[in-house]
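Next, two complexes with chain A in common: one pairs it with chain B, the other with chain C.
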Partner chain A sequence: MNSDDIQNIFFIECEESLEAAEAGLDACKAGTQDGETINAIFRAVHSIKGGAGAFGYAALQAFTHTFETLLSEVREGSVALDAELVNMMLLALDCLRDHVDAARSGTDAPDDAAIMARLEQAVETSQANGDAGAAAKPASGKTQAEDLDALLDDLLAAEPQDEDAPVEEAPAGEAAATWQVHLRPHAGAMANGSEPMLWLRELRGLGGECIACDTDSVPPLGEFDVAEGYLGWTFAMPGEVTHEHVAEIFDFVGEDCSIAWGSEETIPPLRPRPAEPAAAEPQVTEAAVEPAKPGDSKEVAKPAPAPAPAAQAAPTQSIRVDLSKLDTLIDGVGELVIAQAMLAQRLANENLAHIEELAMLEGLVRDIQEHAMAFRAQPIGSVFSRVPRLLRELSSSTGKHVKLQVTGETTELDKTVIERLSEPLTHLIRNAVDHGIEDAEERQAAGKDPEGTLSLSAEQKAGRIVIRIADDGRGIAADKVLAKAVANGLVEEGAQLSQDEINNLIFAPGFSTAAQVSSISGRGVGMDVVRQNVKDLGGRITIESTPGAGTAFVLALPLTLAISDGMIVQLGDQSLVIPLTHVVESLRPQPGDLKGMGTDRQMLNVRGRFLPVVPLAAIAGRDMATTDPCEGVLVIVETESYGQAALLVDAITDQRQFVIKTLDTHYRAVDSVAGATILGNGRVALIVDVDQLVKTASAMDQGGPANLLAAA
Partner chain B sequence: MMTHATRILTVDDSPSMRALLLHALTAQGFHVEQAEDGQAALEWLAMNEVDVVITDINMPRMDGFGLIEHLRGSARHADRPILVLSTESSDEKKQRARNAGATGWIVKPFDADKLASAVRRVTH
Partner chain C sequence: MQTIELPPQCDRAAAVALSGELAEAPDTEPVRIDAGKVERIGLAMLQLLVAAQRSGEGIELVAASEGFRETVQLAGLDVLLANGAEA
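Take a look at the complex of A and B:
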């Protein structure tokens, strides 16, 4: 593990801390302001600060320090946590997130002057209000430089206020000169794992020489108390050893040992207490048999109570596993699934399909597969939890206040899907606030709550994850969309389109209804990109819009990317797989549905629309499969950019899950082939790259694509 | 002189801090065990032996103060050297740690050499 790895751990931890802090602040906002919630927020910020210091992210450290100071005031109860303060801290958290991002990407730290000032202001106000507790609050309201100094002071000085100028003394003398330090350990110094003898050793190690030992207080043997300190020493330290160096040894010794610096001082006196006389040196190792517990241990913190669920997102135990190891496991499970299917087929051929062991194996394999997939699954809450911030930003830039309703945030889906989901989701939410939800005045005029509502929901439905992003805005204005589409040349003037078709126009490349591209949603990506993103994840996006009542975008995503659903089709003696996400319908055409075009191309008439017929036989080799659409089956597929087409196959044989193996790594990239999979009968089947195939088909005038199966 | 490498238990809820400590202390020739909070440290210490404990203060479940108190209250660990490693540096916190029975206090971010010498200082 090198320092980069450790830094990566730190940044993962930052993400977790940021989420924990946000969850805690949200809980505060909702009214849960108990000690543990606030403590959890404090701990989250504190933990980022610790790492920031360790890895040298000064700006991040400075910001977290100020933030933490305020949180510590809140924790102590000297700052009242009102709604305004919670909102300000949420803004501070946003800034902290930017700081973390900047530290991770190595870019410039964000401008935090304004929010820093507000944080400091809040701290100062509290200190002005109650200076009684001021002594207990170090460094509050100080600048970063002062803080660092304070840290260094603490690190170096044992009792800095007691001595005047030993620092100057050491370097001032001649190089060979020595300077003196006097020490007397008291009773407590022998307890708690401290050992005065070790300090003496250390002084010796620095080149110090014991020039005096005060034995006057050593009592008669019978009155000797092993936990008591009876001896005092004077050491002569070499001139080149600095005061700081020596002070470091006694850092944290505190009152357990009196120290005096400089030759004009003497060994500090024994602490006044009824000391019984005895003899011999303090036997430090035995000293702690009955440890003299100094001070009032009552004030020491009790173990923290069980964390409040609101503040602690994951109280369950977890281990970190390298993602690549996990993927190797999941790959292996994929192979297992295939091997099991092959075995089942083989046994079926031997008329042994119904043996008990096979059913058992099948159940076990399914279990393992589900569990392995669950490893990669993460709650979608990690994406949803970023939405409040987005809404705050949008609120400040658009002036529209939007309430957020979230349901189903514990719904789990694949890590990769989650990661790639945040971009389209962000875009959809920006759109909803920017275009969907009206201004407060407009909403009031329409008799709506002036505050808009955005609802996010996620649920698992029929083997897919369905995510719904709904606003209660004005809905999609069909006439405007249509007019725009006509103006952009996407639709013929006067075309009759259904409401659904009009709604779907907003996904067309080059479509944008906003009269001028706003800075919010118009970031150079349109809804077509959103749709492509969703499609890349093997999902679909649909629109439900009611004029005046709002718009909902519904994303249906697969549970995992490792295994897809496919339709197995037959061409001659070859099997091919068509990914099910592309398939719209399949049909057996009547001769009247087909129209010839050019020399050997055909178009299929589907309820008034003409689609090009693409004989898959062209891939599989002409003489193996049928070329007459009426003898085969047409599978109508849909692509994002190239419209629909009808793929001609001999027959549809099955529909099943398959594990994709890329040809790139095992063979080489092949046009119109997305990869390969192994079927239950052990044979390799190619997976059709529908997008590529339809693109090629629509681009060519005649002839078919190259005979690709020759390669397989 | 001990015949084995000095065994250190580090207690910190931050994975990156644990990784840093493991890296720094292992490189210095120490044998390092790690726990993620006071409670986990106590559970580990109930079954295992260690020469030095290095603990953070701010941790969930059981914080550093609680851990030190518990250890000082037990017969086996009453005189175990316990170093506090914390970003905190207030006299109030230090006094609290001292009262609880801490042996030493090191301020984060730590310097690997200084930490190692602090460990050597409290061991034999």
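Take a look at the complex of A and C:
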């Protein structure tokens, strides 16, 4: 593991911390302002600060420091947490995220002067207020380090004491004077790209001063080993700096540096003999854990690494795995599924289809596949959690305040889907706020809450993930859209379009009805891209709009991109795959169940309900297949937006897992075909896009100018 | 007389490189070290310089940048700034 790897882990942890902080602040905003929530935010910011210091990201560290200072004031109760402050902290969190991004990409740190000033001001205001009796607070002109020192004194002193605020752990007899810390980095301290000199800098940043450097252990060049640590130091720390404050510097260090506290100690020896690490370690542990004894919630947020495993024995353990390794595994599982199907086919030819071993193998393959897929599943909350920030930014640029309602954020779907979802989702939300939700005045005039509401929901439905992005805005103005479409030449003048078809016009390339192009949306690049993105994921997007009451975009996405269950059906000499998620039932109708409609349409009576019969052969262009439903088999399928339909096929031959290979990459996208797969006999079978198929079939039957549009 | 110029970033890799050069340097005279371009210097390099100082005829610092001086003082290694062999 090199330093880049460790930095990557740091950035991954930063993401997690940022999410935790955001969740905490959202809870605060929603009214949950207990100590644990504030502590969680503090911990998150604090751990970013620790890493930033360790890796030398000065700007990030400085910002987190200021932020943390304010948070600890809030935790102390000396700053009242009101809505304004929460909003400000959310803005600070956005800025922090920019800082992290800048540090990660190596670009310049964002301009944080304004928000820093606000954070500092909030702290100062609190210090100006109601400070009586407390230890002397730093004046505003002091440096940050001093600010924090004083702050920590306040935090840690069990009770406010006299001006010098002696620290409870200060060595006896040295109340207001300096105390000593001794450290000796070992070989490991330099091994992973960390730099012990940075710790010295931090010690000095706290007001510490090097009073001794032990160079006695440095050997002559002949015996010198670059990887070894030879130097040791004694630093004198000011009395008001606490042990645990110093111990924080070494949070990330672990056993790579021996530390001893107090003037009676000396610099730890060069290579601790086996017994000694045990002796040295508890000292670190003790220093970090001891302040917890007072039993108050003012404790430093992050325990030192040593006690962490015991104290925070997490119920579930996790490891980080390189994604490419996981993908290799999943690819392998895909091939395994195909191989298993081929084996089954071969055995069937030998009349061995029902041997026990084959059933066992099938069960195992399925288990492995499910587990492998579960590795890639992530809760959609990781996408939803970015929305609040987006809304804040939109709120500041449009002046529209929008409430967010989120449901189903624990719904899990494939990592790739999640990653590729964030762009279309962002676009839809921008659109909803910019076009959908009206100005406060307009809303009031319409008798609505001046604050708009955006609801995001995710749920698993019929083997798909359905994501709904709904606003309570003005809805889609059908007449405007139609007029615009006519003006753009998308639709012929005088064409009669259904509401649905009109709504779908907004997905046409280059379409925008925004009266004025704003910086957020309205340039007409977008909705078509959104639809393309969703289609690329094997999903569909539909619009539900009620004028005056709002618009909802509904995204239906596949659970996984790789493997699925399907029904293999026969049409003439061709095999097709119908994804099992759509299949409701299959039956061979009696002549009396069928009713003719028009010239060549038939409806199937299923227990009193009439469903259109869609001959798969007509769509797929196989004229050898049967056209008489009584001769073939009807597969009743459920679709997203067109209800149920009965697909007419010759026969059902099998039901099994199939590995989806997209046609786009190997050939080109074909309507009504979701992809292809390789059957057990080695032949390629097309996978039917049931929704598209039924939609196309019903559009053909109805006729009208919107055919092409519907099929597009 | 040979002069070894330290790079701006004196990290561990630079220390590995320097240790090779120092090993080859003749030990009949002080090794001249030019630290005039140093921006950052890490522990590995610092202790290597200390080691070099107490080997052979020691080192002779011909230039020292602000960054070098600052770090050396931070680490309490002022002994490195004193030219010539160790006391």
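Heads up, the rule we're going with is that the second predicted complex is superposed on the first by the 368 of 712 C-alpha atoms of A that agree within 3 Å, B and C clash if a C-alpha of one lies under 4 Å from a C-alpha of the other, contacts with A are read in each partner's own complex, and residues count from 1 in each chain.
Going forward, a contact is a pair of C-beta atoms (placed from the backbone, for glycine too) under 8 Å apart; a residue touches a chain by one contact, two chains touch by 3 or more.
Nothing here was measured: the structure is a model prediction, and the numbers come from that model.
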{"item": "First, second, both or neither for A:Q532, with chain B first and chain C second", "value": "neither"}
{"item": "Partner chain in contact with A:S47 - chain B first, chain C second, else both or neither", "value": "first"}
{"item": "Larger contact residue set on chain A - chain B or chain C", "value": "B"}
{"item": "Chain B versus chain C as contact partner of A:F10, first or second or both or neither", "value": "first"}
{"item": "First, second, both or neither for A:V218, with chain B first and chain C second", "value": "second"}
{"item": "First, second, both or neither for A:S78, with chain B first and chain C second", "value": "neither"}
{"item": "Contacts of A:T551 with chain B and chain C, given as first, second, both or neither", "value": "neither"}
{"item": "Doubly contacted chain A residues - partners chain C and chain B", "value": "195"}
{"item": "Chain A partner contacts - residues on chain C that touch it in the complex", "value": "11-12, 15-16, 19, 22-23, 41-44, 46-48, 50-52, 54-56, 71, 74-77, 79"}
{"item": "Touching residues (chain side chain A, partner chain C) in the complex", "value": "185, 189-190, 195-197, 200-201, 204, 210-213, 215, 218-222, 224, 226-227, 229-231, 233"}
{"item": "Touching residues on chain A, where the partner in the complex is chain B", "value": "1, 3, 5-7, 9-10, 12-13, 40, 42-43, 46-47, 49-51, 53-56, 135-139, 150-151, 154-155, 191-195, 198-199, 202, 248-249, 251-252, 254, 256, 287-288, 291, 293-297, 299-304, 306-307, 312, 320"}
{"item": "Chain B to chain A touching residues, read off their complex", "value": "13-17, 19-20, 22-23, 38-39, 56, 58-63, 65-66, 68-70, 72, 78-82, 87, 89-92, 94-105, 107-110, 114, 121-122, 124"}
